[in-house]
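Both complexes shown next keep chain A, but they swap its partner, so chain B is in the first and chain C is in the second.
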Partner chain A sequence: MKGALTLGLLLLAATLAALALGQVRLSPALLWQGLSTGEGPGALVLGTIRGPRVLTALGAGAVLGMSGALFQSLFRNPLAAPDVMGFTSGAGLTIIAAIALGLSLPLPLIAAGGGLLAALLVVALSHRRGHATPPLTMILVGLGVGFVASALSSFLLTLLPHTQAAEAQRWLTGSLAARDWSHALQVWAVGGVLGALALAQMRRLAALQLGEDLAAGLGLRVGAARLALAGTGVLLAAAGVAVAGPVPFVALMAGPLGIRLVAARQLHARLLAAAATGALVLVLGDLAARAALPGIQLPTGVMTGLLGAPYLLWRLSREMEKGEL
Partner chain B sequence: MRARLIDFSRRGFLGGALGSTLVGTGSLLAAPQLRAGEDTLRFEHAYGETVLKAPARRVVSLGYTTQDSLLALGIVPQAIRYWYGDYPHGVWPWAQPLLGEATPALMTGEVSIETVAGLAPDLIVAIGSGISEAEYALLSQIAPVLMQAPEYPTYGMPWDAELLMIARATGTEAKAEALIASVADGFAAFRDRHPDWQGQTAACAAHDGGQTSAFTGGDARVQFLQEMGFRQPQALEAISSADGFYTALSPEDLSPLDADLLIWLSSQAKAADLASLAMRRTLRANAEGREVFCGEVLAGALSFGSVLSMPFALAQLEPELIAALDGDPSTAVPSAAKAGLL
Partner chain C sequence: MLRLFGLLALLLLALALALSVGARPVSLAMALEALHSFDPTNPDHVTLAAIRLPRMAAGLIAGAALGIAGTIMQVMTRNPLADPGILGVNSGAAFALLLGATLLGRSDQASVALLSLPGAALASALVFILGGGLRGDVGPVRLTLAGAALNALLLSLVTAIVLIRQDTLDLFRFWVAGSLTQAASRPLAEMALLAAAGGALALAMAPQIEALSLGSALSRGLGTKPRRVQTAALAVVTLCTGAAVAVAGPIAFLGLMVPPLARIVAGHSLRRALIASALMGATLLLLADTLGRVVMPPAEVRAGIMTALIGGPVFMWVARRLRPGASA
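Let's turn to the complex of A and B:
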């Protein structure tokens, strides 16, 4: 309970900091004036520039974090995250392909299609008839699928006209540049529905965590339950990718970090903690990317990559100590 | 709702909140009635149409090279976009004198919309800036935004068309026309001085990180060669794509670079790498002593291809070209000798 309060306060503080800080420093008085009257520079900065961007970052971070925790619980492995397992790369690839082919479908749909396709590929490639697939096999196959998807994205980039390629390249890094209220609304609406859907499946996830045999003994259709959970996880990740690009490491970090902060035991609490932590990580990463260095504004993905890569290495070393790798 | 917000916020920004004393022309979106006016300036561009009520004075330069056009027209930008090179305020040597004592902000990486808003510009020049349509829409709420004309690729608006567009938006057309005439005169005089070079082939190439590439098609560097009277080698012309400005070459076959004159865009730091490029020895330009080496500043001048950088490059290149194209392979081209290319 105390942990949840801490996380909530951290999230609030990070959100306020993200709204208050930037390349341009505005006094709290001006910001307040903008907020309360809709006038002055505060209104432009809060209402048009930082507001939608911060809200989009919160939403995208939350869905990515929740997706990560969902897979980590499902596979009972902290390395199982949509960014490690190639789902976000798959979503990114289909978006690049759509740009190359001139398709004009909504981005979330394209991203979802790519994410699901990558997930299906992982399942198909790691499946062996009559054997249960160990989670680590799935993760490694996912890693491979992710690398293939990234390589194909790079290949498509060289085929695109230079103008489009530059735009697509920026998008692939993960960027929150020039987000507006429609992006924020989109990720919150889609994410809200999917989040509720995920939370509604927690009983089944809990049964699965007891082991497949026991879960089946409790009357659960194991295959269908796993499929529904994984599908929800992929769609959650795609909702984030659609507004922020395939930002690396947020989904991977959010779960373990959030669960530790909150000391959550129950599954739905763990998922919510991961969502809050994902939002925290992405908002702080974006704040650092756009405000840490005067005169320099980086794409958000660069900053989450900088934060996330050391975490991944530390995580791997822990896994090796435990003898799980 | 949006229009109201912008209207208020814009006035707020100008109302002294950030120490700005200049009054801008007002936001486009906030004032749709402007479109009906007689004396408005209209600009068709890649992302639609931009309308200005009056020539702009406070300008933010978001294009990677548009600071040159603005400075040439006598307008010191409030902020400049960093492209590359370690020069104060992103202004290269050929443009430094026009900067004077001014200290425009330098913007690196993605465009920080709030930095632009904080400068309260009345015009944002984003020709060749690579901003997305979403960024364009957001910036348009701060001030009118100029993009490259619709017929050109992002980084492919010719220098004179860009200069005229910016001049029209800032009320400096007379100056722009004089500048364009002066640059044209410079090239004409150059062609008159060297009638025997006319119609010879020339290529611009770069070698970086093991990859050799050639500049093609409508690229500023290629246009510069054409203004001097050279033409593209047929092999390069054949691989030029419609909107591409360069093409990567296979390390096994540099023959598309086979030309009467070969100009390497490089820097002192990359010279050794270029000198040790073995396949260079298979090129006719190498055998006949027709290679010219451009260090960072000269390569930058050719890459900017601006109203200011081209006369600078022309003056610097002429003695090199005389040594390269004298028909005597034994005459050392000073720049190539200094870089160790011979």
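Let's turn to the complex of A and C:
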């Protein structure tokens, strides 16, 4: 309980800081005036630039965090996040392909298609007949799928004219620049539905975590349950990628950090903690990206990469000490 | 011996194709003529001298160097997934190079290119330590994931530089995925010397490296000093990867694919495997580059992307066969 409160307060503080700081700095008084009355010099900045940007970051971080936690529980491996396993690269690739080909389908659909395709590839390529696939094999195969997707993305990048290429490069790195209210609405609406769907499956996930045989003994259709959970996880990741690009490491970090902050044991609570932590990580990453260097806006993904890669390394050394890798 | 000649013949074929195939097809007879009696008014000759020859030389250097680096890495770590690209050594060299080019204003190609060496050295030392190298057991899965993390970190830094300094975007766009197209402006002779030094060191140390790969206890019994051999291997990887990145950019997966193929040809002798890897690496990179010129004209698919598209599936295939948790 205390942990949840801390996390909530952190999230509130980060949101307020993200709204107040940037190229134009708003004093607490101006921020309050803008938020409560919708008037004053702060209102314009909040209404057209930072409001939608911060809300999009919160939503995208939350769905990415949820997706990561879902996969980590499903595979019972802290490295099994959609960004390590190539799903977000797949979603990024299809979006770049759509930009290059001039397709005008909605981005979430395209991202979802790419993410699902990558996930199917990972499952198909790591499957061996008559053997249960070890999660680590799946993670490594996912890493390979991610490599190929990234190679194809950077190939498409060279085909684009210079201005589009700069835009696409920013996009591929993961960016929250120039988001409007439609992005925020989209990720909150899609994420809300998918999040509810994920929460509704927590009992099945709990049964799966007891082990396959026991879960089947409890009357669970193991294959279908797993497929539904993984599908929800991929769609959650794609919803985040569609508005923020394939931001690295948010999904990987959110679950374990959230559990650490909240110390929850129930799967529902863990998933929600991961969502809140994902939102926190992405909002802070975005704030750092646009406020760290005066006059320069870095894409958010650079910041999450700079923070997330050391986290992954630290995580690996922990796993090593426990002798689990 | 016969197999080695086969490899040489393949390499010659790849060299011939690299010279003659492209947007402006040049016959082999013309290529030979340009070599012995160069005519600066003949556009074919100019194409060859200004574009194809440097490009071919870059492919030869980078391919052979990456083949050697990959073989040494795989033997030292007993990890079939080891590759200078996957383990972040390429990115280390690339990062140092880009940083140097940004800070020094890209004034002197040769001295900027030299910066790739400390970058490669730092990255390979780091990934070795992170992967558990100091404890003397380098698990393949752990090492691969540590490499992926290091890669991500370095690429984030590279992206940050590129976005802060807009003038480096094109350098980055056509260089970070690995390409031989800029070969004429790269310090080919200097890097060829460095790569050759790395190759010579690898050949000289091959027996000790082989002994060490049997396990440090056994190798000590054979009179090998593990630290010294590890340092030498690190130097080989650094020299070869640094040179390859300086002439061709970070080309991934070549060092992954070549060593197992070379083993088939060379058998169990590491020395022979190293020679075979150098020949095969050069052949594969030249073929990938030539193929990239013809698959989607007029656009060129860079060599680094071709190797990733071929190498990615190879990576997955090896990963499937790897038993996680096993130490070899």
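Note that the second predicted complex is superposed on the first by the 325 of 325 C-alpha atoms of A that agree within 3 Å, B and C clash if a C-alpha of one lies under 4 Å from a C-alpha of the other, contacts with A are read in each partner's own complex, and residues count from 1 in each chain.
By our rule, a contact is a pair of C-beta atoms (placed from the backbone, for glycine too) under 8 Å apart; a residue touches a chain by one contact, two chains touch by 3 or more.
All values derive from a computational prediction rather than experimental measurement.
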On chain A, do chain B and chain C fit together or clash when superposed?
-> clash
Given the touch rule stated above, what does A:313 touch, chain B (first), chain C (second), both, or neither?
-> second
Mind working out whether A:169 is in touch with chain B, chain C, both or neither, as first, second, both or neither?
-> second
Chain C versus chain B, contacts on chain A by residue = C
May I ask you to decide whether A:299 touches chain B, chain C, both, or neither, giving the answer as first, second, both or neither?
-> both
Which partner does A:290 contact after superposing on A: first (chain B), second (chain C), both, neither?
-> first
Which partner does A:159 reach: the first (chain B), the second (chain C), both, or neither?
-> second
Go through the superposed model and pick first if A:6 touches only chain B, second if only chain C, both, or neither.
-> neither
Is A:266 contacted by the first partner chain B, the second partner chain C, both or neither?
-> neither
Figure out whether A:36 sits in contact with chain B (first) or chain C (second), or with both, or with neither.
-> neither
Overlap of chain C and chain B interfaces on chain A (superposed complexes) | 162, 166, 170, 296, 298-299
Chain A-touching residues of chain C, taken from the complex the two chains share = 81, 86, 130, 132, 139, 141-142, 144-146, 148-150, 152-153, 155-157, 159-160, 162-164, 166, 169-170, 173-174, 176-177, 252-253, 299, 301-302, 304-305, 308-309, 311-313, 315-316, 319-320, 322, 324-325
Complex contact set, residues of chain A against chain B = 22-24, 26, 30, 34, 38-45, 47-50, 161-163, 166-167, 170, 175, 177-180, 290, 295-299
In their shared complex, at which residues does chain A touch chain C?
-> 79, 84, 125-126, 128, 134, 136-137, 139-141, 143-145, 147-148, 150-152, 154-155, 157-159, 162, 165-166, 169-170, 173, 248-249, 293, 296, 298-299, 301-303, 305-306, 308-310, 312-313, 316-317, 319-320, 325
Okay, in this complex, where on chain B does chain A touch?
-> 4-6, 8-13, 15, 17-18, 105-115, 117-118, 130, 132, 134-135, 137-138, 141-142, 153-155, 241-245
